[in-house]
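There are two complexes below, and they share subunit A, which is joined by subunit B in the first and by subunit C in the second.
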Partner chain A sequence: MATTMITTLDRSSRAAARGLSDISIRNLFIIPTVLFLIVFNIFPLIYSLGYSFTDFRASTNAPANFVGLQNYRDLLNDPYVWSNFAITAKYVIISVAGQLFVGFGVAMLLNRDIPLKGLLTTLLLLPMMLSMAVVGLFWKLLYDPSFGIINYALGLGTFEWLSDPKMALYAVALTDIWMWSPFVMLLSLAGLSAVPKHLYEAAAIDRAGPFYTFFRITLPLVAPILMIAVIFRTMEAFKTFDLAYILTSQPTAELISIRLYKMAFQEWQTGRSCALAYIVLIMVLAITNIYVKYLNKVKER
Partner chain B sequence: MAHIQLKNISKTFGNHTALTGLDLDIADGEFFVLLGETGAGKTTTLRLIAGLEKPSEGQVFIDGVDVADWGAAERDVALVLQQYSLYPRYTVRENLEFPLKPKIRRLPDAEIKDRVDRAARTLRIEHLLDRKTDRLSGGEMQRVSIGRAIVRKPRVFLMDEPLSALDAKLREALRTELKNLQMQLGATFLFVTHDQIEAMSMGDKVGVLNHGRIVQTGTPYEIYNNPRDTYVASFVGSPPMNLIDGKLVNGRAVMAPLNFELPFSGGAKASAATDGRPLVFGVRPEDVYLESGAPVEARVHDVENHGVEKILTLRVGDATLRATVPARTDVAIEQAVRFAWNPDKVVLFDKGSGVSLRHAS
Partner chain C sequence: MRKLVTSVLAGIGLTLACGTSVYAQEKSLTIFWAEWDPANYLQELGNEYEKETGVKITVETTPWPDFQTKAFTEFNAHGDAYDMVVGDSQWLGAGSTGGHYVDLTDFFNKHKVGDVMAPATVKYYAEYPGGSSKYWAIPLEGDAVGWSYRKDWFEDPKEKEAFKAKYGYDLDVPKDFKALRDIAEFFYRPDQKKYGIAIYTDNSYDAMAMGFENALFSYGGELGDYSTYKVDGFINSDKAVAALDAYKELYKFTPPGWAKSFFVEDNQAITEGLAAMSMNYFAFFPSLINEASNPNAKNTGFFANPPGPNGDQFAALGGQGISIVSYSQKQEEATKFLEWFIKDETQKKWAALGGYTCSAAVLKSPEFQNATPYNKAFYETMFKVKDFWAVPEYAELLQQLNQRVYPYMIGGEGTAKETLDALAADWNATFKKYGRGQ
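Moving on to the complex of A and B:
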């Protein structure tokens, strides 16, 4: 079955002259990638699973002792870790909801005949293409209490966006919304333009108002692609590290990945941080799975 | 129930002119068929009446009121499109309920249920009500989309080639059903099609559209027997009318390049056709008959057997001519036959303009 899918090699080609078969060419392309994945992803993943059951510290020469589930037990009983999780959850909800709202809204505005639509779309996509670290650095400048342009524009004086414990997390989420709304917008635009025009015409003939048309036709048809955007953004937001790390050091904005980084590379609790990484991994997998199940349901309807 | 009137409508899309100076009058309760080839402007006409397009020039009247500023919703028309336009992800029932559910004019639930059930019964789709629309066949989808039009009791039904995507059997069945439905509802129907059989069999009145202009309006009988010009003559009817160049000489039709003569009895109307003026003679294939003593000899070029009749293609010189003969007529290809026409049924067209002499004066 699989062999019939592979197109036969042109006999006169150079590869054929060197005696390479279809299968060896296929392997030539696949094996480097697979090797790379094994060395840099799979191996550390499994290796760190081993460490997560020990009290290994990478900063000392002391041998690692097997401690069983002790790390996991400690972490799950640690109220500080739980508060990090709570902060992360709050951050994910604010950030993803904001991106969905802004991204879908802008897509609705763009999904009509307007001059310079292509150029406008491209310009709106720019934030997404910047590096996280760069975005973090210049939003830090924008937020600056004494010379930041945001305070100047809003007339807020010397309001401390990033040092205010109540505000810091929202400020980070706002930056994330700015950066990633274009992604949601892009997917929404694809979804919106796939809604056949004649359905809107049929709805107009059926005397449906704009809200009725939106909730009965547009939204159900765009829902699956919006779900995909939500899955991607949730996963990414859950793992956010660089943006938050650069912007603020407030403990109220300490996301789980920052906690993890500190545990691993400042406190050198290598074994325990491996365990925490596994807990995070399992959580992300679980959340994604719920979404995917829901997505399939939406698609079926 | 409504009376529709289009006055001097023109519509252009950029450089392309879709309609020019279109006048149309559709009486209340009439089944009007707009017939034309692809690109003739039929769909544009429908969309103008529905309010999905605005005319570049001219006015649309519904019941005598100029509806230029009315949107599709206010015009209260129903439009059945060729591509069905069912709302995906909903069941048949939800689709039928859709036009009844918007909050502004929401009907009581019992009324909605009643109307949906009645429409389903009329179209015989009751067993499909709880099915999702993507699990329907083409014919079923088209019935649902017609159902969505009739639940609302609109003033006018507009149908854009609703049957052309269906297979022949189903098309025939739905044709009858639609005609019955229209009589039952007593509603005004505007039906667009490129299929002249549909037009002839369903329409109370037919309008022939060519390149954005109405060429002729009339009952199917008028259109068929008294076409206004050679375009209508060749477009309506299957096989189409035979059109032969010639002129009148002493009350006889003389086919100029082909060198044959036939008797002609056009009567008073023929007086407009002075002797020697270049003309086109139009005769329906069923008015051409074979007879042993007939004046013209021809050879049988092709025989199409249609069961009840045979359609012969006759060859005279370089020209061909269709004749419909009874099925029992025994002919073979390349056989020599003699034919004549029914002189009372011949239509004369001016060679230059193509307009029928009966309509010209």
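Moving on to the complex of A and C:
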């Protein structure tokens, strides 16, 4: 199938004059990328799998001993690691649901003829163009109980967003929602504008109410693209590090990636952190696979 | 996962870069340290060295949160980007047993460094394992946790009168931990946006440990026995439990949102006029007497960590020694620099530039003690300091401390006794894992 997509080389072109065939040009483009992937992605991935079965510590000269499944056993028996997973799951659900709600909502509002629509859309996209670390630093100031603008605007006095163990995770999720709702909005807008107008006209002729139109026409037709947004955001939210690391140090907001970072680069438990990284990888793969299955089902309909 | 891949990538990149770099400048040395004022002073001292010998000294820095990670990434890659590193006192174990530091025992004995520098600094910045007479660093920047306070608040006659009426003794620099607590409570007035005290609470590196140690050591408690690695009956002793409760008590009187605070926030507490007293490393005090960085500079005073209920008085140790990196190609040149560095006149210059010298002679000189408002408190403190574990797995021990103590301190979960019992169990398991003691 891939070959049919390659346009054949124009016989009078310079490449053809040099005697390059279609295949060799394709290879010229693909091989460096594949090599790059193998050297910098696949190889370290497999190498670290080997480390995950040892007690290797990168900070010492001691040789790595093979310990079998010990690392995996310890990690899966560690209540702290489980609590990190639980926190991460909670964070993913809150943050992705929030983004879906806000992003899709804003897209519905924008999906009509309004003046300055282009400018408005561009402005709304700004948050996701910022760096995660910068957003984290900004929001840390915004949340500040003494001089933060959020407490001032909402009249909350000295409410401690980030220091309150119960609130910290929600505060991080809120920042993530602010940052990534535009992404969902963008995809939803593309989906919404692809819904054929005649369906709405038909619905209007049949005197369908707005709710009926939304649930029977809009939502089913936008669902596949919305699912893609959910997949992307879930994967990203699962891996969130910078935002949460900068905003708060509450143990109640310690995501799995923060635990992984501490284990790997502060404690230098290289073997064990490789094992944890693999556990996380398997979880992300599993969740993504469930989504993809569901996405295919939605598409079939 | 991506983090891991990136790091492996970075490692490969570093190794490649190191393998191929060309040593164009023979006569230059690079010292790696964290990004803060003392590093600038060290650069100035290095410039003096260049004038005398023609060897160029470059002090390379990175922000504190990355310092440990970046240094060890370089060590682990066996890179020679740095000839010397001014490493944290806890790194000694990892640096020496990991083969990253050059053994300086001969240098130490030849130049009698043990007599030149204050005893505590030799013990904690240079020797590993404790009591082995093997040395891996030269004490460079002495540091410990001390306190700054608002003199104008303390000296206000109205406040003095109100304080005496409430507590029955005079408002003054705290004589012990109880007075520290009372004064913190006295000045805690959220309605006026004034708060009692600023302490360390950050749980990402050693902030929480340092803060808690200040209370622990002055209460007569210990982390454990440094030679046998026994922790039961030390870290969870009655004294330690009382110390943790005392430290948690102080948290009540901190400014709002004080759950991730370290040196930056604690200095801000004084510069922004938030708190009456603030805990911090001496190394951060120079900016508090500078009017450009502290509008309350004139009204800021300093005191040493007060004694606990039994009169024990200690403080948590910060500070660093300078070590030669074993992967450096210029170890001889680096040794010459260290020979120059330990000379008395260099140490005097170092102190004059703003560095906290560890030289016993300079510390004891009246000239040093009267140079700044905090030098005297520094001198007093440097002879009664204690430090955290310096074993190679110190980071795991720190993480376990953070993991146990933080939820109790900030979230109010469980009791002090439960917290410290759990911590003792964690530490026991870790020491067992690495085959120490028992």
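Following the convention adopted for this analysis, the second predicted complex is superposed on the first by the 279 of 301 C-alpha atoms of A that agree within 3 Å, B and C clash if a C-alpha of one lies under 4 Å from a C-alpha of the other, contacts with A are read in each partner's own complex, and residues count from 1 in each chain.
In this text, contacts are C-beta pairs under 8 Å (C-beta built on N, C-alpha and C of every residue); 3 or more make two chains touch, one makes a residue touch a chain.
Computed from a predicted model, the values in this text were never measured in an experiment.
J.: With both complexes superposed on chain A, which partner does A:Asp144 reach: first (subunit B), second (subunit C), both or neither?
T.: Once the two structures are laid over each other on A, A:Asp144 reaches subunit C alone.
J.: For A:Thr122, decide between first (touching subunit B), second (touching subunit C), both and neither.
T.: Touch partners of A:Thr122: none, neither subunit B nor subunit C.
J.: Have a look at where A:Gln269 lands relative to subunit B and subunit C in the superposition and call it first, second, both or neither.
T.: The second partner, subunit C, only.
J.: May I ask you to decide whether A:Leu199 touches subunit B, subunit C, both, or neither, giving the answer as first, second, both or neither?
T.: first
J.: Which of the two partners, first being subunit B and second being subunit C, lies in contact with A:Tyr80: first, second, both, or neither?
T.: second
J.: So, does A:Ser21 touch the first partner subunit B, the second partner subunit C, both, or neither?
T.: neither
J.: Tell me the contact category for A:Asn289 with respect to subunit B and subunit C: first, second, both or neither.
T.: Neither partner.
J.: Of the two partners subunit B and subunit C, which one touches more residues belonging to subunit A?
T.: Tallying touched residues of subunit A, the top partner is C.
J.: Shared contact residues on subunit A, subunit B side and subunit C side combined as an intersection?
T.: Of subunit A, no residue contacts subunit B in one complex and subunit C in the other.
J.: Which of the residues in subunit B end up touching subunit A in this complex?
T.: Residues in contact with subunit A: 50-52, 71-73, 76-79, 81, 83, 85, 87-89, 98-99, 101-105, 148, 152.
J.: In their complex, what parts of subunit A are in touch with subunit B?
T.: Of all residues in subunit A, those touching subunit B are 196, 198-199, 201-209, 212, 216-217, 220-221, 301.
J.: Quick check on the complex: what are the subunit C residues that touch subunit A?
T.: It comes out as residues 1-5, 7-9, 12, 68-69, 72-73, 75-76, 94, 97-99, 190, 193, 202-205, 255-260, 272, 274, 392-393, 395-396, 398-399, 403, 406-407, 410-411.
J.: Considering only the defined contacts, which subunit A positions touch subunit C in the complex?
T.: Per the touch definition, subunit A meets subunit C at residues 40-41, 44-45, 47-48, 58-61, 80, 144-146, 158, 160-163, 165, 239, 241, 248-252, 257, 260-262, 264-269, 273-274, 277, 280-281, 284.
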